[in-house]
């Protein structure tokens, strides 16, 4: 499959995608880099000259920086943990013989179609509101004091909301993976004397390894940049300020483009550290 | 120890009865082969014995005790699957150790058995590889190794060689035969390849659509097939079946004659035909002959080289004592 | 028309030379089989001829004109792939029509050829099915049909039968042979199954690691293998190779004797051994014999049934005129 | 011509959209509405105007943005409005807050201050009487007295939600009455002062005693709903809320609401803010004339009458025009006078006890304020929710404010 | 399917699965239910599940207030356009990667994916300026292009994983049969990859439909899709749960219905090469 002819054709056919993405990456990135070395305050006249690394220093030394990195990692990690674990459980459940499997799948897949803004609004107002939310009624019904989700369990709340949105994705990929497990392997393990729990631990789970890495990779890419959920629910208060959100505040609320751009560069670096780390794993998995 | 007895065992999937009630006894130490066309229920029968499927009615005795409701792992049987069903993420060593680990055997005993199995199966150098890094034949041996270490009272094989290429298949066939000779354990072996059945079996069970057509030693089936189905199924190339006048002349509505039971001449004989394709293997010559009355395409096998070619005329004389006669129901007539 | 000539053709993948420079001429109308163990470069060679890979050096002439840089579609060759490579989303008719559509043939001509090919290949009833709804053998026939309608100057087959089961393989082998007889078009056929090579070829090219070991007719290779490799590769079961005193006594460091060239006796003979596994096929008996000096495992084939079994002592006498002699480099000595 | 208007999604604006056809009928100009939630709107219009994006012909902005943008020359001056329009009729407090150096840059659609809304029945039950101008001490006592946890009644509901326009506005206005200020004359942050500590501590104590659960994330909307459902004894918030709580359709307590001026501590400043949602025209728009026509129409006396005619006087956009409060019909509205009094008592130029370098009551009209105040109010909210102590919150607020001011080059 | 599953077991499975499915779906169901309540019933204590006065008033209010049809149409154009454009660009690229892999292929693929990590807020300003420069602010074309670029890596990756499952021999067969590159892609590859392409289309349509940052920030009146529609309901004066629910329902209904109808394709294709 590799004649000279087809190789040059391949290069040609790849060109549009590569050039476009290169442009999409380089042009804004260059502009962001450019701004990041400037004192750029649109509210006060715009470009106020070069400032070297001032913005970078200011951004990391700000008291909000490290907490925001932590918050980002906690949310990403939390959502990944929840979606992968529950995803596995759900995938196994859905793989059991039952009536109306298709219908259940329709129910389970639904959150994936909901706009992040809408789901954040719905959860925040109709479920997690300490006065009118359904959870408050539920807690009161059982005689407990309603949890003030958005203020006292803010990170948990956001993690729950985001997990709800991404659970279908994880479940579906894991379900497809489970269904691809060679039936004979399970039979063999059963013959070998492994009870159901051990069949899961020794056969099913390792089989899912690849799917789990892919779920983690794709979700991480999306989770690193969650924004709407925070914007709508807490507006960054109560320790829910992620790096993305911090940049948003610098750029749009403080109108400090230089500082925000420096933050953007940090975010890109963080994202790429995570990405390289993940892609190592997936990259390896891709050929395997 | 490893006598297996099926009493009126039947199996239905939903409304479809795949195995009608059936009796079968497999003696201890016997090498039994289930053979039959695809979809006839061989695998199902094997899985019923293994306990991987529930039987719909009847009961299964293993070594004289009722095992119908015993879970697979407790039946003392080991199974080798068509796809090998190796655990892809475990090394060969771990694969082989798995059943022992599940049984909670002490580590040194595990190692002892692994080493022994690896030695017997020529796997010692590959113990630390993953199945993905092995060739087909090696994988097959790992699967057998995994079965051996459990020291089961019987082995079940489901078409274990069908994923291997011709040369390897011959080699592995021998290895399994030798294993049987050495272990003298009951083995049940499923295949649809009649050569495997003939060469390996002590006893062949020919199945068709869930029914047992004939049970017997390979040579019994070769010499005395109970019906046309068995006659056609056992022996390669297939037995030639001749109907019509030539058959009537020999005392039956249908007569059968195996390709190797002809006297061939370029000058004279009972029947005359034209050579379609002549296959010269050196050791044998296979002739595919058209134009013989009562049989569209007659296959003839001649030992050694016969210098004939496409389009030549040829004369055949069936060896009278090797003729098989079948009645109009296809049943053997003596 | 369909003479193909390779002049000093070589192929490297990166730094690895898979095919060292090689000359080969395939005559018009010839049925040439490339045979050799897995990975020896058979497919690569075929793909070089097809134009699916660029050759690293040398040039290829087709019908006397240099085709080295001609794209695959323009070489006038048709190829049948191991996986059939049918277009799953097209009906059989569309599959067969595809090359003609690409060539821009008028619709009625297309239909004429499709009907003809379908009739020749027994596909008429399946023209509107999708490949997914066909059996393996039928798919194979569609692939051949797709090749035929192009009326190519040569057909290339890459292990076309390896995905079929034993019985079907025999049938399709015959069909392809008959096709060749009928069309008399050049065919190049890749296989690693020596039976296919022997039965189908006009000329066999035996490859090892990209080198041509021997070119000749099947019987030439059977009777006069040029070296031990060819001797071992051609013929089934494999030729027995004997080294040591017994060989020296017969005038060479190594002697070869095919399984079918023994006189076997239970009482007396040149060599004595113990039967390991005895395979009783009815038509033949294969004996795997241990303990013969100079050869660990000797395979012997006896016509018909020989009532011996595992553990019996047996005596063998090689037929002197059927002996092959090899020097210490493994080359044939006359 | 078709003009594009970015606007906030509150009730009065939505109502105005309903009358768009009337405008089109009168002038022949079509109107495209971009209605956004307040935070999104602010982000959207700010980006657009600072990059000269030109997506909008009219923007709905507040008292905070107008002077800053006007100073930058980003807005079209509204100094040539027609005679009929009667620009002098605009309440001086409003006109002042929407001008830069005496030039009006945005026309107020409605204006508001804040005041106390309280439940007369609960006040009576508690045996107390609300003065016209209570002190915070009184409020605290009254709140404690009205609180009835059994029946889900909280003595007082106040904003605690993070965001400079939410809880930030309340606490800043409140701090004014406690003698606090954001910056001293040299732009040094003042969160290390006792006045701020008093403010926050008082707020937190008050709310912990008598406020609703989860007040740290309550904003205007949440409090409004609770008050309407009778869950609040008192509520200090925007004067426009008065029309909602007295509207029998949505409010269960419509006939039991009294009003009073926002409290003080006797230092001379009350804790009421001043705000207006106003319409402004970004400089550079191609449709300046049509835009002006619209603004004149929407903020005119006629529009007020149009609404009054169709929806009743209680629902007209309040707080923008003097003439409205002189209208005898409007004077019948129960909260009219109190609203006017509240507006009149707020002075953006001079909002704090100690002098400041900035203008604005509940904000400082400098570009950096929004960003800083959002961060600061988040720290406060975290303290309300008990995630950190008041001292910690103030310390952080102090640090981050000075930090940002330094970054912006004030210090 | 190992042993025949007992009826009880199946009943238990079904009950648990339906229960969990219901729980997961509940927030959406609750939103839909609430959209038919009056505002007072929406926040009633205790909550009312079904026994309320069903009303369409909220929908009427929402429809009266904003031009839903236009938002919907914009959403369809933007999501559809960006997806289709993305596929058109991605198919050739994925073809190259899957069938003419080079040493760099994997790196290029992962690099493409890494462009997705660019934090949108960090580059809002540059992009906004660019849009002004090209005069495409508040135009569908800008969003089509930007969303296409955002999703392109995912599209390429998905297609790549499907294409890799297509045996190269079939394309070679086409080549032998005289098909040029164009015919090969058009007549053989694309039809064979239809399920994969459909699934890619769907997934990216959903992602584009739900994208809320760029669609909100780069539009005003003309090009605003449903994400902007919902942004005008998120917190008006007062807690209008019922109206919010109605608006939410209207914003998600089209994609939800589309998703349900096509979930088979979506699910069967959603593997990202995670399953072999």
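Descriptive notes on the structure:
When the chains are written out, they are named A, B, C, D and E in that same order, and each has its own residue count from 1.
Throughout what follows, a contact is a pair of C-beta atoms (placed from the backbone, for glycine too) under 8 Å apart; a residue touches a chain by one contact, two chains touch by 3 or more.
Keep in mind it's a predicted model, so treat the numbers as computed, not measured.
Chains touching both subunit C and subunit D: A, E.
Contact with both subunit D and subunit E is made by A. Averaging Cα atoms per chain gives one point for each, and the point farthest from that of subunit B is the centre of D.
Counted by C-beta pairs in contact, the busier of A-E and A-D is A-E.
With centres defined as mean CA coordinates, subunit D is found 89 Å away from subunit B. Subunit A and subunit C have Cα centroids separated by 55 Å. Averaged C-alpha coordinates give centres for subunit C and subunit E that are 52 Å from one another. Residues of subunit E in contact with at least two other chains: 2, 43, 124-125, 129, 172, 231, 233-234, 239. Touching of two or more other chains is recorded for residues 43, 47, 51, 222, 225 of subunit D.
Within subunit A, contacts with two or more other chains are made by residues 1-2, 132, 187, 190, 252. Subunit C contributes residues 38, 162, 165-166, 170, 174, 177-178, 181, 192-193, 195, 198-200, 218-219, 222-223, 234-237, 258-260, 276-277, 279-284, 286, 288, 301, 303-305, 310 to its touches with subunit B in the complex. Contacts from subunit C toward subunit E in the complex involve residues 50, 52, 71-74, 77-79, 81-83, 85-90, 98-99, 102-103, 146, 150.
Every residue of subunit D that touches subunit A in the complex is listed here, in rising order: 39, 43, 46-47, 50-51, 68, 72, 161-163, 212-214, 216-217, 222, 225-226, 231, 367-368, 370-372, 374-375, 377-378, 381-382, 384-387, 396, 399-400, 403-404, 407-409. Within the complex formed with subunit B, the subunit A residues making contact are 182, 184-185, 187-194, 198, 202-203, 206-207, 209, 288. Within the complex formed with subunit C, the residues of subunit E that make contact are 167, 169-170, 172-180, 183, 187-188, 191-192, 194.
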